[in-house]
Amino acid sequence: MIGNLPFVVCMILVALGLWTLVAKRNLIKLVIGVGLIQNGVNLFLVALGYVRGGIPPIYTLAPAGAPMVLPTPQALTLTSIVIGVATTALMLAFAVVIYRHKGTLDARKVRELRG
Amino acid sequence: MTVVVRTITRVLFPIALAFGAYVIMHGHLTPGGGFQGGAVAASALAMVVVAFGAGSLAKRKGLLSGLESLGGVAFAALGFLGLGVTFFANVLAGAGGLFGNPVPYGPNPGDLNTAGTLPLMNWAVGFKVLAGLGAAVLLFALFGGEHDR
Amino acid sequence: MGTHAPILAIAVPLLGGFATPLVARISRVLRDFWVFAIALFVAVCVGFVAAQVFAHGVTVYVLGGRTPQETLAPGAFPIRIMLTVDGMSAFMGLIAGLLALVAFPFALRFIPEEEGKTLSFTLSLLLLAGIVGLAYTGDLFNFFVFLEVTSIAACGLIGFRTWTSRAPEAAFKTMLLYALSGLFFLMAVAFLYGEYGALNLAFLSRQLRGSALDRVALALFLSGLLLKVAAAPLHFWAPDAYGEAPAAKTLLLVVNTQVSLYGLWRILFTLYGGVLDAGVGWLVVAMGLLTMVVAAVMAVGQQDLGRLVAYGAVSQIGYMMLGVGVGLVTLAGRPDYALVALKGGVFHMLNDALTVGLLFLCVGAVEWVRGTRDLGELGGLGHGLPEVALFFLLASLALAGIPPLNGFASKILIYHGSFQLSPILTAVAVLASILLLAVFARAFQGVFLGPRVEVKPELPWSFLIPMIVSAVGIVVLGLVPGFFLEQVVTPAAEALWRGRHLYLAAVLGG
Amino acid sequence: MRGWLGVAAFLVAAGFLLFGAVALRPFGEPVWAEMDEHFNRFSQPEVAANNAVTAVVFDYRGFDTLGEATVLFAAVTGVALILRKVGK
């Protein structure tokens, strides 16, 4: 349990994001909730790649003999961060247009499409 | 925005662009790469949008989207370059010529002229991210600016 | 060309999508030609790949390897991303290619120039590339990336009509759920990576031992993909999305949903094929039943033609889930029934693509002529648009499973397979079909019957040809289903049924 | 009713995630790492790059990066499509 504390913290971050999605009704706050989940997952990915006592996996002027952390999770995180940026940008664009039409960001008031 | 902000932006704009270019250029040697460097350079554009208003860049919107398309096409084309072997094969690495120097095994000081297609892809992606993020910020700023409806 | 066909089917539309804004700056005619040529190229490529796979078994393509077939690193584990195309993937690719050939010509005249035609074509090409990529990839993280490509491109298209207030709302809702589904999927991949240090689907499938962590990952996979395929009770985004997107683009959204469903089958049958128990199969069956009933009931009260057809489309997802779910339940105990049910479920994907596609094309044509989709305002179009009325009737009957159309051919297999498991399942499925028939009969009456209404513009040929192609497909698949069942559907169903070891062997050897 | 369903779904999901985090191997001690060790060892001889992460991003998993660039492109295209001026 204690050894896994970083993973647990990442999952708590994800859970906070999920709670935001459940509890909040403001469109911007929903976007923030998705962002929280994204950050939690990204942190989780990076944490998976850590090796005790490891150095970055870069050979330029590296100290000899030290273990290197795993490179794949870093690459995956990079991809996932960019995807997160793209998602957030698109959702914010939708929120802006909805606000332009309705004058409100409250999800309960903008729901024209029910059922 | 105030004079202070504008002056600082004037000073920082070339520095941010240069730092972005450095991060892109050394992507295969030091921490960094196309995405990171592109994001750094795009922050320079965002700074301009904040300090001088979106109108100052409005005419460059077409340029930015064209640059983004070009970056994407260049990146995909570099993938096609390997099609003689397999898609995305790094045919330039270790082959002499452009970015083709071999690398000694283990820690070393680093040589810019290595890694084959990687630096080229870094540049393609760097321009793409710079143009893409810049265009996105600009579009938001332009849309928010016109309260005419 | 031969060995590179799988990657060309993905990379060429990607490149084409990047280049479309540049091509459009040169000339608009050239852009239309360019987009259509790329769609045609993709269709040819997926057809070629399918022929290859059906003839010679699973095809592997390693990206960046020294040869396309060298899958393993020296330590006998895969390190690079690879495309792994088996019968089911090839079948899914075929559907995508077919609908691209229908959707792209239709969109040429349907989307007016001043409404951002270039941008919508760019997104369509990227969506097409993402769909084919999802179908062909054999790497879990790559699957996630293409899931996000399709999500974002699809949501851009849903929000296309930004001057209405409903389209951005539907797009926001859909994007929120797509983002959530992608994140669930990514978390599952992260768990598996943390446990086994690998991302290749075949390699992970051999490693899985059914531990508690594997089950957590399975739950995350399931919740992510069930969100994306619009299975009830997570279906509420789909009618909005299908209804608000331009009709020509809705076809691609339908394929997008289907390919997510294919991803679910890939996870269940291939990744977890060795450790799965029947409980998951029952879950799929239950959600399939719920989806078809809920969607059919919700369709009754709809006043908007687009949303009504959208609910019909959602209900068909339920039939596919029922067929394949029954196959999953009976896979171990009664493999012969399982194969029948799987064939039904898989065949229904092709039929659904054609029928729902044709229905949405009809909706698009009606909307193009009258400028509205409200059932209260429409009526009497049968005199002015007899061909559209005929196509709508044909597709409605096929959707409800009336012989001798194609919907009947696949539904009878689903009924047959599910009857062996429990007659109640079949009864519910038949009842949902009858309800759908009633709903569509009302819609047909409301739109096409009634006093004559003058129709101003003639329907252009770019509308009629895709509709004729779909209609011919519906009739041919209904009249001679045996040929297609044998040549196309059976290899796909068998890839799910007993194909797991072939899939693993193609990647890992042995 | 709807609210309680949401709370229940949240609790189930959070429980699953926390359980998964606890059940995972200890932090900093990966059990299976052949793939990553291969990347660390061979990024110099195979790709001629000092930076193993860049080697993974652009060579070993380059196709992911192409997909990622596509996502960004699609998002910017989508934003341009949503925020365009039409139909006043």
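Observations
Going by the order they are written in, the chains are A, B, C and D; count residues from 1 in each one.
Just so we're on the same page, a contact is a pair of C-beta atoms (placed from the backbone, for glycine too) under 8 Å apart; a residue touches a chain by one contact, two chains touch by 3 or more.
Values in this document were obtained by computation on a predicted structure and should not be read as measured data.
Chain pairs A-C and A-B differ in how many C-beta pairs are in contact, and the one with more is A-C. Subunit A and subunit C have centres, each the mean of its CA atoms, that are 28 Å apart.
Subunit A and subunit B have Cα centroids lying 23 Å from one another. Rounded to whole angstrom, the centroid-to-centroid distance between subunit A and subunit D, based on C-alpha atoms, equals 9 Å. A straight line joining the Cα centres of subunit B and subunit D is 21 Å long.
Listed for subunit D are residues 13, 17, 20, 24, 30, 33, 35-36, 39, 44, 50-51, 53, 55, 57, 59, 61-68, 70-76, 78-80, 82-83, 88, each touching two or more other chains. Residue positions of subunit C touching 2 or more other chains: 11, 14, 18, 21, 63-64, 141, 145, 148, 152, 155-156, 159, 162, 168, 171, 187, 194, 197, 199.
Residue positions 14, 44, 48, 56, 58-60, 70, 72, 76, 78-79, 82-83, 85-87, 89-90, 93-94, 96-97 of subunit A are each in touch with at least two other chains. In terms of inter-chain touching, the protein chains here all touch one another pairwise.
Looking at the complex, you find that subunit D touches subunit A at residues 6-7, 9-10, 13-14, 17-18, 20-22, 24, 26-30, 33, 35-36, 39-40, 43-44, 50-53, 55-57, 61, 64-65, 67-68, 71-72, 74-76, 78-79, 82-83.
Here subunit B touches subunit A in the complex through residues 29-31, 33, 35, 103, 106-110, 129, 133, 136, 139-140, 143-144, 149, going by the rule given at the top.
Taken together, the subunit A residues at the contact with subunit D in this complex read 1, 3-8, 10-12, 14-15, 18-19, 22-23, 44, 47-52, 56-60, 68, 70-72, 74-76, 78-79, 82-83, 85-87, 89-90, 93-94, 96-97.
Within the complex formed with subunit A, the residues of subunit C that make contact are 141, 145, 148, 151-152, 155-156, 159, 162, 165-166, 168-173, 175-176, 179-180, 182-183, 186-187, 190, 193-194, 197, 199, 236, 239-240, 243-244, 298, 301. Of all the residues in subunit C, the ones that touch subunit D in their complex are 11, 14, 17-18, 21, 63-64, 73, 75, 77, 79-81, 114-116, 119-120, 122-123, 126, 129-130, 133, 141-142, 145-146, 148-149, 152-153, 155-156, 159-160, 162-163, 168, 171, 187, 191, 194-199, 207, 212-213, 216-217, 219-220, 223.
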